[in-house]
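All remarks here apply to the structure that follows.
Chain lettering (A, B, C and D) follows the sequence in which the chains are written, and residue indices restart at 1 in each chain.
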Amino acid sequence: MTDYKARAKAIKMVVFDVDGVLTDGSLFLGDDGQEYKAFNSRDGHGMTMLRQAGIAMAVITGRRSEVVRIRMESLGVEYVYQGRRDKRPAYTELIQACGLEHSEIAYMGDDVVDLPVMRQVGLAIAVADAHPLVKQYCHWQTRLPGGAGAAREVCEELLAAQGKLDAIFAGYLSSS
Amino acid sequence: MTDYKARAKAIKMVVFDVDGVLTDGSLFLGDDGQEYKAFNSRDGHGMTMLRQAGIAMAVITGRRSEVVRIRMESLGVEYVYQGRRDKRPAYTELIQACGLEHSEIAYMGDDVVDLPVMRQVGLAIAVADAHPLVKQYCHWQTRLPGGAGAAREVCEELLAAQGKLDAIFAGYLSSS
Amino acid sequence: MTDYKARAKAIKMVVFDVDGVLTDGSLFLGDDGQEYKAFNSRDGHGMTMLRQAGIAMAVITGRRSEVVRIRMESLGVEYVYQGRRDKRPAYTELIQACGLEHSEIAYMGDDVVDLPVMRQVGLAIAVADAHPLVKQYCHWQTRLPGGAGAAREVCEELLAAQGKLDAIFAGYLSSS
Amino acid sequence: MTDYKARAKAIKMVVFDVDGVLTDGSLFLGDDGQEYKAFNSRDGHGMTMLRQAGIAMAVITGRRSEVVRIRMESLGVEYVYQGRRDKRPAYTELIQACGLEHSEIAYMGDDVVDLPVMRQVGLAIAVADAHPLVKQYCHWQTRLPGGAGAAREVCEELLAAQGKLDAIFAGYLSSS
């Protein structure tokens, strides 16, 4: 945990997997081939607070859908890599595009396809219902499962570790 | 709890947050950009009983969607403020529009964005799965989480506190 | 329970409420005003077995949607009353249309609007997550909540009480 | 369990029921008659690993929908039998089409309609929330319910029993 807090202080960008992390892993599909996802409003506010505090965001997902593009745009996620079953090259591109060090990046995942990136980043986070192998190789596990507030938990933990959370909360408690 | 009952007696309007209160926080989005929400039929009947008992209703939500307008209209919610990330000015407008005192208004929320309004109203209610800070600053917490009957619970508690619930229930038990 | 079994033996028709009984109460609505419901495949097979065993089915629901018409037609539900907020007159119409006695009819509900009919039928059944008042006035409660198999449970209980279940199960276990 | 492991070693094809196995049994229907299903992204990756390891896949389902065709095609499921309320003849066709022995086929089901096939295959698997009769006649039960990762569990158990899982996992942990 001490290790986790030290790692959290250095983070300048959070990379999220989508299915199973920002959702509970449910892929809603219709007869017409359209895809639907259920994002979490509390996760959304966490990501908004993260962005406002100057921490950048990215997603790398193996699937490709318009709904992910729409949601990520509305949340101000700068880097969106879709259709990347092998997440390694996408992460390499991201590192080059954003100019950050591995130690400045957190990655939040749930499944074995996330492992190659999780083993490179400064802070690897597994959701509560992640695959056992993902839990084995992460620096920290959330209390909540994917889609049920796990991303919000990460956003607040990072902001707290960097000493930024109290000021944000104070803004919601002030009388003006 | 004594305090809560006294506050509940004075309530003439209930203001609901939408996501996480009238739903479980799930934002269903489709590839075509359409938004979907899962409301709860038992909450709906609670709101209908509230309206029939002469208690007014409003919603203030940070998001904006056609689905909220449709659902609130069907439930007879008089005041609908959408797209209000900062809920303070919307609440000020509502107070002016309805002509009620703060002490006559209950607000039901789940997240930190609800705090500025919750700290002004006569009765601030947090859903069972609300953010810890919201629970800290509320007058009462529901037993059920948002979207799973929390709003119904609030409707019945208010009607009971105002001595109106037994007559409503009697109507469902009469033989004619 | 003894009372319940005696009542179950006489049943010739099961009347289902829809929201909260054949679903978990979630009303999915889209921006375009379309309504969606999540029915349960195991409930569906229970209703199919009921129909094949010669027990009739009906639904009485306060809401009105095309999706209910479609699903009930595919399950062979003969009597479909929609848009009936007051369920009493719909039940009276049903009794006249089907020519059965109250004692030959079972009703499965979850909320107070179901009470006027539940107090008339021969067998009143509440889902596990029904309103406390509904549980108080029912003859039997299911083990499972609405939408999660409660209707299937009822179908098998009725078939068992009437001595028809073993033969149905035997059909799935025979080698030809 | 010893018996289960011996049976698992011989499996060359897995046949999945759809509703209640690859989903939690929820049939999402819209007013326009369109059908939607919620598949699980972790199940999807399990099925991908299975296919890459050379184990074939099939589905036999009583319902018929375009969404099943779309999802199964994207997962590389070779044999898709829809609209087969009686699963026996579909299974007979499958056996002839694929040229495998009963002992080389695993079937994963949740309801009594799956029993006629489950009693023929080499390895009959029930999801955690299967019908009691299905649990009674299966060789193995999953720890997770349908739609919540039960299929992933089966994929990994089969791969482990055949000594193929460690090499797959090693690929996600290698540095290149």
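The working rule: contacts are C-beta pairs under 8 Å (C-beta built on N, C-alpha and C of every residue); 3 or more make two chains touch, one makes a residue touch a chain.
Just so it is clear, the model here is predicted, and its values are computed rather than measured.
A.B. asks: On the document's contact criterion, could you list the chains that touch chain C and likewise touch chain D?
C.D. replies: Both-contact set = empty.
A.B. asks: What's the minimum number of touch steps needed to get from chain A to chain C?
C.D. replies: Minimal hop count between chain A and chain C: 2.
A.B. asks: More than half overlap in residue numbers between the two sides of the chain B-chain C interface, or less? Answer same or different.
C.D. replies: Counting which numbers both chains contribute, under half are shared, so the two copies meet through different residues.
A.B. asks: Chain B to chain D: how many Å between their CA centres?
C.D. replies: Centres of chain B and chain D (C-alpha means) sit 43 Å apart.
A.B. asks: Please work out the Cα centroid separation of chain A and chain D, and write it as a whole number of Å.
C.D. replies: Centres of chain A and chain D (C-alpha means) sit 31 Å apart.
A.B. asks: Find every residue in chain C that makes contact with two or more other chains and list them.
C.D. replies: 28, 36
A.B. asks: How would one label the connectivity among the chains shown: line, ring, star, complete, or other?
C.D. replies: ring
A.B. asks: Among all the chains shown, which pairs meet the touch rule set out at the top?
C.D. replies: Those chain pairs satisfying the definition are A-B, A-D, B-C, C-D.
A.B. asks: Inside the complex, what are the residues of chain A that reach chain D?
C.D. replies: 19-20, 23, 25-33, 36, 63, 110-113, 115-116, 119, 131, 133, 137
A.B. asks: Using the touch definition up top, name the residues of chain D that touch chain A in the complex.
C.D. replies: So the residues of chain D touching chain A come out as 28, 34-42, 44-45, 65-67, 70-71, 147, 149, 169, 172-175.
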